[in-house]
């Protein structure tokens, strides 16, 4: 069993804000992340697939295919966008790093061929990242 | 003469859009950077000061003082903000990396003591950065 | 289940030296790390907490709270210190990367709320790090 | 149980090419990686060993010993070499990242003392890496 | 005057070998870099352009245009290639980092519009890079 | 003219403390850096040499020779040492980043052959570095 990881990037605006709370409550819990006019990040995404090696290719999965799936299913919908407003697969979801990582997992899982989706790791800043393994 | 550099971070939302152009023109020139609902970045900022060493301290300038000036004059106004809407020293300025670097220079220059402001380097993504030397 | 990681930094002096051994034996086993007048490192620390997402916040745990705990329980006692002499929670402990990682775990574990402490990863140089999972 | 990791580097030329396929087929599957005159990479290798701490040293394993084993068993055979032509332990193996990681595992495993080989992680570019755990 | 930098990557095989010398002499001077069957690197390339800001765009030069020129003039000829054998603009040139940096400068300079080519920086490994300013 | 840079590492303990000041004054100016029992860093050192390319080798200077000089003149005296107590070329010098960079310059300059020493860059943490050009 091999664990194969591909890194991709996107950048986006977002804010963290619970619509059932006052602006004051949001500011207390989320700090600057609740700024009404948004802020943003360069996100780094690592997608890990596990599987056995195909003896014809030496690959678990062709990295170009994995990159194509990530770009088709995730990056083109999310890059240079507003996570609260613009992304179909994030509608109604508070765009915390945790929730975005899970939404990326759900978006990717049906499209992995040759291996099994193992981990989605999403880094929001150099100091903060989340790993999600599908359950 | 020594060149002393301090790195700081901020993150922010912005968009690139010339108000005299149609949305179509903006999209042609700025691509995804013109997204109407914004996008964002983790910016990395390097501020370089030059000067001679004070023999009492071994310092051109105390790094804690430099960090305090950067935070007071720049970071607290710009971090977790929208560069087009929220930042007093960017009013009326298209927030390209070039223009933001120059605005940070103008904001910093009067407040450097002990040395002379030499360079503001601003990185927008791992692949793009701008250096400005004050003229 | 989500795995949430926060990175922090500290720097410190230390030496590796078994008090039951001669200086010669210490030098043979520990090399330059046994230098009697100390040496030091910039340590990077990653603390990982696992848990479910709170639907009100989208968070396993508020990163500002996690950062506060790390700073309160670890960083303020260890940053700009001598690991052999100055740190209450390292008294009597040989400050190898392994032992410091475990001591940080013990220091942190009782103070994590909302999630469960999963991993302490401590990097001594770009080439050496240790991970400890609590047993 | 502690997990101790040592990073090393090597650089090498290689190509990906299935000898049972036409050049056209190889180009379709492997793209630029099938370039007949080779291409190359700076590889980064992380070797992780797990074990308990020796109370005399505070170490699972002396990092200098681990580094020596990696250099003796792997780096000196593979650094500044052609992975398809020059490396005894890669004879007859298509040098995909997966296959090279496994070959490094097989090369290392019999020589780890004090701990147990846990993971070989091999990075081919900043965007691609493979982890192998021995089965 | 602003200095604008774009980073790109390529990877390639090469060897360092003076055809007027014996293999022994080459090995003495170039060490592992003279390996007859080649070795290779992940190269990182930074191209810096200087100029004034266009007030319509806030740009010295549109980064997408700069990236397009670098890819058209350099990357597509050099990526996944053998620097000694495959690259038209390196024919007859010993592919040291210095010489490749100069060849990239010569390849780029006639194609920069809006600004002036200022620096080509080429990194061969994390420990070695060359900067060339055109004279 | 080419600018050729070699990166090296060392780690060391130090403290910043003016012997003519009280401990209180030292603490006010130097903060945690005045800790009486020392602290330490992983230092990164970049040495830049400028010169023309030797047509026989394609090199300004053989990087292995440059690395050898840096190791002989600097690293072996300073690595795993106490900068205040153990290093012959730092006797009587307050080991601020500025002063250590200048001392490394003075140590290196007489030993560069083939090129001219251009810059010593010394990084103390990821956030702080100094460049010195010899005057």
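Here are some notes:
Residue numbering begins at 1 within each chain, and the chains themselves are lettered A, B, C, D, E and F in the order written.
Here, a contact is a pair of C-beta atoms (placed from the backbone, for glycine too) under 8 Å apart; a residue touches a chain by one contact, two chains touch by 3 or more.
Every value quoted in this text rests on a predicted model; they were computed, and no experiment measured them.
Between chain B and chain D, the least number of touch steps comes to 2.
Any chain bridging chain A and chain E, meaning touching each of them, is among B, D; the list is complete. Looking at chain B and chain C, the chains that touch each of them are A, F. Residues touching across the chain E-chain F interface largely differ between the two copies, under half of the numbers being common to both.
With centres computed as the average of Cα coordinates, no chain lies farther from chain B than D.
For B-E, the equivalent interface among the listed pairs E-F, A-B or D-E is E-F, as over half of the contact pairs agree by residue number. The geometric centre of chain A is 29 Å away from that of chain D, both derived from CA atoms.
Centroids built from CA atoms put chain F at 41 Å from chain A.
With touch defined as above, residues shared between interfaces to two or more other chains in chain C number as follows: 31, 126.
According to the touch criterion at the top of this document, the contacting chain pairs are A-B, A-C, A-D, B-E, B-F, C-D, C-F, D-E, E-F. Contacts from chain D toward chain E in the complex involve residues 9, 11-14, 31-33, 35, 37-42, 79-82, 85-86, 125-126. The touching residues of chain A, counted against chain C in their complex, run 16, 18, 29-31, 93-99, 101-102, 126-133, 135. Taken together, the chain A residues at the contact with chain D in this complex read 1-8, 53, 56-60, 62-64.
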